[in-house]
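Note that subunit A is present in both complexes that follow, paired respectively with subunit B and with subunit C.
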Partner chain A sequence: MQQSTAQTPPGAAGAQRIALLKVLGPAHVWALGVGIVLVGEFMGWNFSVGKGGAYGSLIACWVIGLLYTCVAMIDSEVTSTVAAAGGQYTQAKHVIGPLMAFNVGLYLVMAYTMLEAGDALVVGDLMKAVAAEFGHADLDPRPFVVLTIAVLAFLNYRGVYMTLTVNFVITAAAFAALVILFFGVSPWEPGKVLLHRELLVDLPYGWIGVIAALQFGMWYYLGIEGTCQAAEEVRSAGRSIPLGTMSGMITLLIAASITWYVAAGLMPWEYLGQAITPMYDAARLTGSTPLQVILFVGTIFSAVASANGCINDASRAWFSMGRDRYLPAWFGAVHPRYRTPYRAVLFLIPIAVVFAFQAPLDQVITFSILSGLLGYTFMSINMVRFRRQWPLGSIKRGYVHPFHPLPAILLLLLCGATYFATFLGYGATLLAVMAFYIIASLWFVFHRYKFVRRGDQFTMPWPRPRGY
Partner chain B sequence: MDFWTLISYAAWGIAILLLLWMVADFWRVAQDYDEDFLLSSREGEE
Partner chain C sequence: MSGRYEPPRQGGLGQFVDSIFLMVLVFICLLAPVFLSRDQSATAPGAGEVQAPAGEQAPAAEVTWESLNQTPVQARQWEKLGHTPETAKPIVENRFDYTVEPVPLIITALVIVGYFLMMLRWSDREYREVVRERFGDPARRE
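And now, the complex of A and B:
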């Protein structure tokens, strides 16, 4: 790749084109999806326990697991067919239209950049906690937040292969930490370490508490849909995207069940529901120093992997929108040597730092979750239109998901229930998020859309949609 | 200056160095390559 670009003399633009590198395989796709999510197993999911008790959290874990299984199935089919950077943004552009695409692109960038800021804050807070353990009580976490963002942005700037190979290693290590903790508490000997019989109680707030728990149940899986952003950089989209996404979803279902089982057997729901680092606390309760160290390292690795994947995904979405002129075309540049969307990577660094330092963490995370939820709502509508406009057999699909339209309908219903759950806990934030996207849409319609080259929008070699 | 203060300064230093490297490389690319070439990527093309 370096040879081909190095031979290109400046100014010889028309002769040669540049593109993102196609170097990724299914393991990288797995690392991207699971890497973004796994931090939610180490912290965050347990707030669902505070809303609905331990059983309420388990119900939320499996109900939301169903929501994300639908997301993974739908994404696998559409992305393996619309194999381009931008993921759901590109799908929206092809299947629904420009305004939907603009909004979906914005959901993606906001969700990932805010999650990246939250992850970097977690790394900073963990460093502060370690310093406090060693007697340095008031360590400033900010340099570690900036260092995390800078190192990961540097990796992303230099190349996607190394970025996601690193993500594979640290995500696998973080997942292994959860598995080691599971075996460390002797699950085959109930009552020895795990005290489910004593700690599990009925639903403390009834079924309304279970509904309220759905919002935080998203933490178990939030971000698995990020696998789509790798579509333009995988060697075979038809193989890698479904394989990486589905195996990622299976990994997360296992991780979520292990997480709940261990934590609910070690801590009463009143404590677990407000713990900041529940899995590290679980390791401390076992009294095993090696387990504590492993879970601490796992927590750090999961936060770093999540931030890394978020930078990768946010930059691809921003790059794609620039390439289509939904944003200034300047952002659509590819680095001539590293073949990455380097301007998008660079531009999003200060935005992540501002989110990390200026916005409250819970609001940042809620905004991120709601942006994700808006994206899932779009996916259900998108899937129905996709199959209606291009029925099976009319175009080549990399993967066909079974039981259509059941996953799309189920996804829409579960999104509705989760909106209601979010409204119960964060009604004002929900309305603020809606207002933000409406204002952004008005800006796009009245100011930006005139720059979009409408004729260049449809890039897939497909026949005209049915009913066109 | 204790260990943790030193680590904090090191974190600032490394972060600033990495950011400066990216900005410098960004500038170098802008000088060495034609803008049309950098923007020549097309969706769906190999």
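And now, the complex of A and C:
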């Protein structure tokens, strides 16, 4: 029998104590993190080219890579110490307080559910594009969007082990597609297929465009922190989370470099900056049918893997908030047979479908990015408080990241720059997102918090926090 | 103050209303910028607040790759992607406007900073309640 760490709350179905299963290893953690993010190499990152040109996007890729390295370092230490479903949400609960935790839970749910909607839209758009090439230009992509979300939700309903094993296979295949494309364009023979000299231009907007590009530069890596959501279901959090997260970050840095290099050498920046499926377009430009097929499969796999991981993560965050009564307790139930947070999985399906059909893709992506960015801002504050309230040696840590507090400070500065980048072009959306979180916070403080059991929020076997 | 807080039970209808509230709120916030900036972004292909360059309104002259400042190599790639100068024109000529208006920037910065300050302040108050209930009142310790 697996170790019991989750309780069925009052009001949830069944009275027995049922836990999430501890069945995952480092490969599953890698598959969860990279699986969510890798679609960002197939689409989305290229909007940074539209905001700052191809070189602007490359600089954004490096700068945001630094931001995510800080995220991965901080996450590895805190998550390997606070090993519970909900990831950063649970960390916020133990280190900062309930209102912050409620907001962090919402950041996670919104970021992942909107990303899931974007992923399903990509599947639909790609099916439509391929159908058009074969003479069926009027194909309706919507059934593919709904089918993608429904099938993946069913997989998540049935069990985490199978869900993330599937993710490992399709994520590895999607990554292999990028590597095959890289070698397929003969990078050792510049000018033969890749035309960097002819296509690359100076910064079209100057350096302010480079800063603006940071916004969509996040798409290269957005979601790697989702590895934390598996903390309660891994066999050894202290080993699996840092190993899976750091190896995932290395994979993404390689994938981002390949992606930029190939796409910038094949497409004019104006086209690249607005393309929906740029890597599939890159394969089309090579004129190679096998590469086109491989990139079609790779793009579909990456979008499916991402949507799959997003359903997994969003449902864990929603479940955790229900379990703690930050949301209705009904969501805190675990399936008696499959041991999954099935009510949270089911509730978020129609939400994702409506996001996909009713909201513009760029607004959905920006909402997702900003929710992620707010979460990273929280992480820098959280890290400083975590070390201050429990200095090294006072509690058992699975991993200790080096150079503290440098990564936390750097992360905060880079978050500030990325807020400014979002303001450049998406100022109204930024304010709308902030309005959502402010109103939600007021709702929590003045209405929802009365349903929360105070002392139960602190579940870790730690001593009293220093200063409290 | 050191007594254990017992929260009220929430009925099914209350739980339903609470679930729907957040989702309605997120939809309003998601769609508000679209409606507010509809006039500004009506010409954009998929990005908010994008503007075409001023002073170049729909010339009657024929559109060519040269008039779009595309080199022969760039034009060849456009054509491989299925575009003509006419279909590429709106994509090439759309530009972001990065003019920074100080007042909206200051307001946005104040909103973000204020949000986090409010959050930390309220969270701290709630966190003290959690710690007091979990570890006991420090004033009562020996």
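Rule of thumb we're sticking to: the second predicted complex is superposed on the first by the 452 of 468 C-alpha atoms of A that agree within 3 Å, B and C clash if a C-alpha of one lies under 4 Å from a C-alpha of the other, contacts with A are read in each partner's own complex, and residues count from 1 in each chain.
The criterion applied here is as follows: a contact is a pair of C-beta atoms (placed from the backbone, for glycine too) under 8 Å apart; a residue touches a chain by one contact, two chains touch by 3 or more.
The shown structure was predicted, so the numbers you read here are calculated from the model rather than taken from an experiment.
Peer 1: In the superposed arrangement, does A:184 touch subunit B (first), subunit C (second), both or neither?
Peer 2: neither
Peer 1: Is A:349 touching anything from subunit B or subunit C once the two structures are fitted on A? First, second, both or neither.
Peer 2: The first partner, subunit B, only.
Peer 1: Could you tell me if A:26 is touching subunit B, subunit C, both of them or neither one (first, second, both, neither)?
Peer 2: In the superposition, A:26 touches no partner, neither subunit B nor subunit C.
Peer 1: Contacts for A:329 in the overlay, against subunit B (first) and subunit C (second): which applies, first, second, both or neither?
Peer 2: both
Peer 1: Of the partners subunit B and subunit C, which touch A:271 in the superposed model: first, second, both, neither?
Peer 2: second
Peer 1: Contact-wise, after the overlay, does A:47 reach subunit B, subunit C, both or neither (first, second, both, neither)?
Peer 2: After superposition on chain A, A:47 lies in contact with subunit C alone.
Peer 1: Of subunit B and subunit C, which one touches more residues of subunit A?
Peer 2: Tallying touched residues of subunit A, the top partner is C.
Peer 1: Output the subunit A positions appearing in both contact lists, the one against subunit B and the one against subunit C.
Peer 2: 10-11, 329-330
Peer 1: Can you list the residues on subunit B that touch subunit A in the complex?
Peer 2: Touching subunit A: residues 2-4, 8-9, 11-12, 14-16, 18-19, 21-23, 25-26, 29, 32-46 of subunit B.
Peer 1: Can you name the residues of subunit C that touch subunit A in the complex?
Peer 2: Its residues touching subunit A are 4-10, 12, 14-16, 18-19, 21-23, 25-27, 29-34, 36-37, 45-50, 70-71, 73-74, 77-78, 80-81, 83, 88, 91-92, 94-98, 100, 104-105, 107-109, 111-112, 115-116, 118-120, 122-135, 138.
Peer 1: In their complex, what parts of subunit A are in touch with subunit B?
Peer 2: Residues in contact with subunit B: 8, 10-14, 16-20, 22, 83-86, 90, 131, 134, 136, 139-140, 143-144, 146-147, 149-151, 153-154, 157, 232, 320, 323-324, 329-330, 332-337, 342-343, 346, 349, 459-461.
Peer 1: Using the touch definition up top, name the residues of subunit A that touch subunit C in the complex.
Peer 2: Those in contact with subunit C are residues 10-11, 47, 50-51, 96-101, 103, 106, 110, 195, 198-199, 205, 208-209, 212, 266-268, 270-271, 274, 281, 284-285, 287, 325, 327-331, 347, 351, 354-355, 358-364, 366-367, 377, 381, 419-420, 423-441, 443, 445, 447-455, 457-458, 464-465, 468.
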